[in-house]
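Can you read through this structure? Questions will come right after.
Which chain is which? They are A, B, C and D, in the order written, and residues in each are numbered from 1.
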Amino acid sequence: MGNTFGQLFRVTTFGESHGGGIGVVIDGCPPRIDISDADIQWELDRRRPGQSKLTTQRKEEDRCEILSGVFEGKTLGTPIAIAVRNKDARPEDYKEIAAKFRPSHADYTYEAKYGIRNWQGGGRASARETIGRVAAGAIAKKILSTLYADFEIVAYVTQIHEVAAKIDRSTVKMKDVEENIVRCPDASAAKKMIALIEQVRDEGDSVGGVTECVARGIASGLGEPVFDKLEADLAKAMLSIPAAKAFEIGSGFAATRMRGSQHNDPFEMRGGKIRTTTNNSGGVQGGISNGEDIYFRVAFKPPATIALEQKTVTSSKQEAELAARGRHDPCVLPRAVPIVEAMAALVLCDHALRQQAIKR
Amino acid sequence: MGNTFGQLFRVTTFGESHGGGIGVVIDGCPPRIDISDADIQWELDRRRPGQSKLTTQRKEEDRCEILSGVFEGKTLGTPIAIAVRNKDARPEDYKEIAAKFRPSHADYTYEAKYGIRNWQGGGRASARETIGRVAAGAIAKKILSTLYADFEIVAYVTQIHEVAAKIDRSTVKMKDVEENIVRCPDASAAKKMIALIEQVRDEGDSVGGVTECVARGIASGLGEPVFDKLEADLAKAMLSIPAAKAFEIGSGFAATRMRGSQHNDPFEMRGGKIRTTTNNSGGVQGGISNGEDIYFRVAFKPPATIALEQKTVTSSKQEAELAARGRHDPCVLPRAVPIVEAMAALVLCDHALRQQAIKR
Amino acid sequence: MGNTFGQLFRVTTFGESHGGGIGVVIDGCPPRIDISDADIQWELDRRRPGQSKLTTQRKEEDRCEILSGVFEGKTLGTPIAIAVRNKDARPEDYKEIAAKFRPSHADYTYEAKYGIRNWQGGGRASARETIGRVAAGAIAKKILSTLYADFEIVAYVTQIHEVAAKIDRSTVKMKDVEENIVRCPDASAAKKMIALIEQVRDEGDSVGGVTECVARGIASGLGEPVFDKLEADLAKAMLSIPAAKAFEIGSGFAATRMRGSQHNDPFEMRGGKIRTTTNNSGGVQGGISNGEDIYFRVAFKPPATIALEQKTVTSSKQEAELAARGRHDPCVLPRAVPIVEAMAALVLCDHALRQQAIKR
Amino acid sequence: MGNTFGQLFRVTTFGESHGGGIGVVIDGCPPRIDISDADIQWELDRRRPGQSKLTTQRKEEDRCEILSGVFEGKTLGTPIAIAVRNKDARPEDYKEIAAKFRPSHADYTYEAKYGIRNWQGGGRASARETIGRVAAGAIAKKILSTLYADFEIVAYVTQIHEVAAKIDRSTVKMKDVEENIVRCPDASAAKKMIALIEQVRDEGDSVGGVTECVARGIASGLGEPVFDKLEADLAKAMLSIPAAKAFEIGSGFAATRMRGSQHNDPFEMRGGKIRTTTNNSGGVQGGISNGEDIYFRVAFKPPATIALEQKTVTSSKQEAELAARGRHDPCVLPRAVPIVEAMAALVLCDHALRQQAIKR
């Protein structure tokens, strides 16, 4: 259960890190949206392992194949199935973990839940699962661009360990983000981040950080007042990404140290439109978008796979030592950027269709 | 849409702050759970306005009535409907806001979404909506207690503005929390918090803060690997609470400044069981509970309703001044505590039933 | 579980036949639809017991109260809760059945499912549960009238036991149906039906029959190609009505005795529109409406409650005799008519909103 | 939308008749169920085109590939993706229908709904879509066999046009059904049916019929009291099969000509168990299984594709003549048998898991 996301734009992912393949079925996509393999592949390439020295060296082309739902370059309105084959799987790397639970991985909890697991890798807990999300996100972005002329979504790294970047949230563009391999549009901070990640990797360790994401051009009125508040669905989307530990929208935790008189966003008329002077709300009020930029941050922990030796226990309850094998990222942040964007696009697209359903 | 929460333990709330009443329908409750009006009323009283000098003085008894689904003190397995009448509504207090959008409220976004709103109050955005959640949460707690002998859930205030409390998360009990009106089990910090909230209230302003929640005694194996990770559903649940701005589980944002070698929770044998030495994971690994304490924090902004004059615009696009009327909380934290517990219980109960469905 | 119907226009009913009350919460209703208590009450009165000599003499006014979601005569877009109190409950009539399972009732299966039941009546299996459906159906009809200028829905009785009526499906109007108490627009057949039902009632027995329903003015394009075909959702809706045993759309069972060359509906141009010459499809092709009249039939069994003595067993597994007490309908058909219409309206309204969501 | 079926055992199908391939993702499958390619292939072979002279001669091996969710012959509890490639597609056969709407097909309604369609075949309306259902059904049967020792499900043809079979519902076995190519376990009727279908095919026409299905060994207590009654979900499942026009459970339409005193199923003690003497209820009372055999019938229309010339219109609204090309079944009944079984298994499996969720 729990492999489907969305109410109207419904995304179901499947596949283990090791096995036949990975993929996604998207149900509820409106018809006649232009979409090509290349649109999807471009996003998958941003997520792909081996794309830079900062990422795992697993060699996966992640070449996507659209199996259904698209005809002559346009969506049919029927389910779009996209599959990617697993290629560079090395199950032998995982033999040790067949018996030993890797600390802070999902090995133990899968065993507790299912009484069985595919020990030849991380199974569904592997970051490979996110391929399906990114593919679906590429389509969601297309739909949002069709609905909102000024729509754009940009995520970027704002912090790696203690290195924090300075970024102008209201102007940053995706091309700025893609200028370096750590995906931080502050060049000077990016340099330090890259050096830090390389150092940490060489020490056999890993490191965490923060991603920020901003969505522009979204109409007011998206989101539902109670449980399916826009920020609630965004929070769920973000916390469903492997290694995510926290989410904040707009002012976030900083709001807790503010007074209402500082925090409230006064309304004003600007360009003939009702706008807010400030945007502590992060573009969402009462769960519903107000037309301002929607922005939020996601905290990622340091990856659990490290080369240093760790204490653990075996499935037969013996205490043991473990040193990681396999090829892994010393820091998930650079590759998290397209995933965060994709998940945000899924939420926004779903709510855009929901709003269309009741529009009069 | 979006007024239902949960997959198997399904909670649907209804009602505006002003109108006939507020309530909830709970579908999927297992049969033969002992439940009484008093069980539910006890939780509602913790959420009730007017319970202390720190909360809004709206006079609402919030007397609940169980309309269905319970027979001779036991659940029937059929939908439990619970209703609470609105009594001390004063729509005249809201006349001004019929035309003026209150900053950082949902007035403007409701208008944008629906093209209509019940201006005699906050509608569904009012904290009154959470009555239904708290009532449902009382039942969810009962079910969890039936399933897990050692189950308990405790939320408490850890910070108001700059005042931070020191609390031992592993031992704090609900009775410690209920000892003072701000619901902070650190007596010395509580005193400062109360003084601060009173001062802020007297200044016509409002203030934010942080709640922490810990759930103990939950079995390992709850939560789904991908989109419905336990932390993802908790994040959604928490961000769906009015005024919530951020969520972090376990190490949260602090994880971003840690290395994997520090952050990983080594496994060890303890009391004959597989346990973790530390608990940066917050009791959840790969989206699934590992049997350790589940804990998380929620950030709340300062309430939007303040007595100080603010700039805004009218629905006819005229700039205007607004000073709040109505009776409101200067700080939501004390009353947020039972709501946070209730939402956490809803998530845990839902996942407990989901796990039971596939158990072999 | 299973007390919610619909994807976008979501209807949740609650309440037992004996207990506080019965009702419904409707989530997903578009805003600014005109609706009044009277609109709903009019439909409830068609469903009400005691409306004629053919129905149970339980005295229930079934006076509805709208608790939320409507403001100044218009829907708000938020959940509409409607409640009806139980009044003329006589639990003492049911004492005998606390221990004895009534044949072909749900007493035994509730016990098997839940291990508990409210023996003071039929619980959720009572026809009283349909009050919520009819109330929701009244709103669904309003929405459909807003969307489709020529929309109308008419159900009527076509057969009681061996008495069959002759009715022109393409012209029959609701006023024709309401002309007699058996709701059969063929006056001569109606007379025989009424006589038969009275005779059967006097003999302490009960009798079954068939309802037909036609929906006119529905646009083409409603319904989903695979599992949520329009006829599939209609079939589910109809078989969810107490005592329903069969469903057929268009040609139905008669199609099994036809050849393709007879059964196919040729397309032709008529009034400048693409139309079909015949309508064996019942207005639905490939699960999607084609703009022709949608029509279907529902078979209802004779009510299980009869005054004649019957063999049964007790909950302690003793064989026993049972003669019904309580006040019941000798034939459900006359009161099934508004319920069939309501359920059809719920399906059509839900699909209308679903189609709006993807419309470009 | 509408490509997912089930609440806990969730089946999502994808794929057009012409395009990359067809398949299914199954979410919510319990872990550690034995499953192999061969188990699934055996059912797919019963559904396959070209299996006998009675079916379309499209040459499709329909070789299934399990992409995920199964490891070393056991289910993992994670999504099971199964894909089948399209091979013997002949889009050129469909050129004529790119412009002309085939009568009683979904060409026109797809166009109305989506404004686009893959005209190289029937798209999602093709019977090829049911491959995914049959594959999922094979797994559902496995689960049901694990849960209920005596579980079996048998569907068979009882009528083709005017030829009706005599079959003892309480004893018929699947091997009896598989003894002839029309899947009618009455050998003498089967012979006539085969002759009739061949004759009709040779005349360029098609013919309808009836399938009956019986499920044995299902525990009492499955099904939900209101909207998700077992018969309601079965009705939806059956009417979602291409060409299905009607559904009846137990006594079905015959109940309309019965009195309550005849129709009621008296309870008796038999073999130490509470049983019913008769089974007009079809194994379901008040929407919930009572432990007796569950049985129902499904009516299928004659296939819309016939070789005879028919009147129709083009997408540019010109009247036209059409004679079918392509390879099609003159009667769907023989191949409908495994599909009916599969859909019934999906419903029963889903409800079995739902019941397990609330079991105490």
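FYI, a residue touches a chain if its C-beta (ideal position, glycine included) is under 8 Å from a C-beta of that chain, and two chains touch if they have at least 3 such contacts.
Computed from a predicted structure; not experimentally measured.
The minimum number of touch steps separating subunit B from subunit D is 1.
By the residue-number overlap criterion, the interface of subunit B with subunit C counts as same, with over half of its numbers used by both chains.
Across the two candidate interfaces, A-B and A-D, the one carrying more C-beta contacts is A-B. Averaging C-alpha coordinates per chain places the centre of subunit A 26 Å away from that of subunit B. Separating the CA-averaged centres of subunit A and subunit D is a span of 39 Å. Annotation for subunit C: residues touching 2 or more other chains are 1-4, 7-8, 13, 28, 31-32, 77-78, 113, 115, 123-124, 225, 354, 358, 360. Residue ranges on subunit D touching subunit A, taken from their complex, read 1-4, 8, 10, 12-16, 19-23, 25, 27-28, 31-32, 65-69, 71, 74, 76-81, 83, 113-118, 123-124.
Within the complex formed with subunit A, the residues of subunit B that make contact are 1-5, 7, 13, 101, 103-106, 108-110, 112-113, 115, 123-125, 129, 159, 161-162, 200, 205-210, 219-229, 231-240, 242, 244-253, 255-269, 274, 276-277, 280-282, 284-291, 299-306, 308, 310-313, 317, 319, 354-355, 357-358, 360. Put simply, subunit C touches subunit A in their complex at residues 7-8, 28, 30-32, 77-78, 146, 225, 353-354, 356-360.
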